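Labels run A, B and C following the written order; every chain starts at residue 1.
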């Protein structure tokens, strides 16, 4: 016999999360309106993304390709979604400069989407005929089989730049270290905190945590996209203020705010 | 033409957010069903992936590019294992299961084991006292490496406790900060996609 | 080229050989360095220890051969502890290659503690779907697993009589190298309020410290070191304790190389 069936239409324990979500939406709306009214939004420079332009230029001069890895996440993972938004912009730059890129994929759904994204980027750049079918290809849905194949690509084809953007796991060090062997410029962005140290050690530039999610807006520089980063920053500032306030109040014997922030 | 997928994304995304707040058993049954749909879509996408794999390696064989014999091996393995799987199934005791346990598993373990060598060479190259931050990184890394294994305790009884403190206090503080940023970034990109602000996944950046 | 400059430009294959020797030598000539049990592993141990005999434990062993070096010794130690406490075990795996590892671990642990399949433990096998499975276990175990791994109907298995959902499970243990741990926390611990212990790889362990602080999990065993501590607590000498000597020496080699590299860098800077 199973557990008692839950018949509630709202979980009151998640009220604080709902309030947080609504606050975030409010910040998003305010900043999007600001952007539409012509307000300027400052985003601090991200060295890794500035280097991306140089890397693509360098690859074009050397006549070598860019190797873009969207990570080992599936479409459910936010890191993969971020990677797809970045690859569309990278592919556009690659197409504009007449360079070539290769995208070995771990997940077949991701492969199908990125194939369409890259194809579209080439069409938008007016270079649809330069898109190489098969440049976005499926490798394997086994972690180390993928690593072995991509390492082989790096060592044989010697791309000028390796771009790791997405969700990576234990293979992060393997790929980055193999890429380092070939002398390629390496730019990484990963949402998995545990893999950041490996990328920091082995890559030239690393986007840490939320910088990965800001990257697509940063590259595209569209005002509404930049507005979403501003909303993110407002939410972060509010979260920091509430944490400090909760700690201070708890220390003074008033743990109510801390309890409000507790999630289940 | 693109508004269809954007509207569908908005409707499904909003529904899934709503399901997070609705514990009613019927709502959670829908949630569970959607997860099953995702598995089914993945299964179909595997067919696409196999076609892509076939085309990539067939092209290499046709053009006799460098390493084409390995592509031949790949395609042979793809055909043979698929045929065996369809014919006998993939359960315990089948040929596919034995191939997986005797070939794939040891290969995966071997590749994973190579990480030990790679971390050594990466650490030797990266942990250099070039500036204050790099020096802090290298000192912490050396202390952690020694303190987290038995030899650390052998050198100084307080070493394990010190490394636990490093993990519990400064490391955890930094991880939590990054995790908050990642969480907010994830919410941001999720909302951008659901609200149609970000359409890069459709193949048209906006 | 001076010696220091040579050290800076050392071929990485020399480093690989040193690491290889550092791994092989202690395995051939063990030293048996001391191991202290840390509070997190002790907490996991005490959680199992506190369960009365006859309690039902759901163990999900969600890992594949690439991470078995860290997780298999941990699994065997935890299984043996549960057997020693005369707990009833329901074992599942959410990874397709999992059965190949779960079965030998169960056989070894059961043989060491004199336990029998179906009487003291049941292995239900692999089920795909991750979160879908975890949610469904809250409704009906039999719907997800109508038969066990050996094709025996669940109703014929003595230890599963009357057990069909989380409500009859006293503890959940998840041993994994993946995000399965996050889902077990979300569903088993948060939604169904089941006590949960995690066993994860060393690199992931620090991610779960906050959950331990907030008591969303009751114990955490991290990596081969955690497994060695558990074996020490159980007073057994398994693969984890055997491997700690090798791990210790390799860490010393890496630390030594880092220090040497920096000494070389400083010396070449001074002479430049």
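Methods note: contacts are C-beta pairs under 8 Å (C-beta built on N, C-alpha and C of every residue); 3 or more make two chains touch, one makes a residue touch a chain.
These numbers were taken from a predicted model, which means no experiment stands behind them.
Among the remaining chains, those touching chain B and also chain C are A. Centroid distances built from C-alpha atoms place A farthest away from chain C. The chain closest to the protein's centre is B, with centres computed as averages of CA atoms. Centroids built from CA atoms put chain C at 19 Å from chain B. Once the centre of each chain is set as its mean CA position, chain A and chain B turn out to be 13 Å apart. Mean C-alpha positions place chain A and chain C at a centre distance of 30 Å. The set of chain C residues touching two or more other chains comprises 66-67, 206-207.
Contact of a single residue of chain A with at least two other chains is seen at positions 143-144, 170, 193. Shown for chain B are the residues in touch with two or more other chains, namely 28, 104, 108, 111-112, 119, 121, 123, 125, 127, 175. For chain C in complex with chain A, the residues that touch the partner chain are 66-67, 138-140, 164-167, 177-178, 190, 192, 203-204, 206-207. Remark: chain A residues 1-3, 143-144, 169-170, 193-194, 264 touch chain C in the complex.
Listed in rising order, the residues of chain B touching chain A in the complex are 17, 20-25, 27-28, 38, 41-42, 45-50, 52-53, 55-56, 59, 66-67, 104, 107-108, 111-112, 114-115, 118-119, 121-123, 125-127, 175, 178-182, 184-193, 195, 197-198, 200-206.
Those residues of chain C lying in contact with chain B across their complex are 10, 12, 15-16, 18-20, 23, 33-36, 38-39, 64-69, 97, 99-100, 128-132, 135-136, 149, 206-207, 209-210, 225, 244-245, 247-255, 257-259, 261-262, 265-266.
By the touch criterion given at the top, residues 28, 31-32, 35-36, 39, 92, 97, 100-101, 104-106, 108-109, 111-113, 116-117, 119-121, 123-125, 127-129, 138, 141-142, 145-146, 148-151, 153-154, 160, 164, 167-168, 171-172, 175-176 of chain B touch chain C in their complex.
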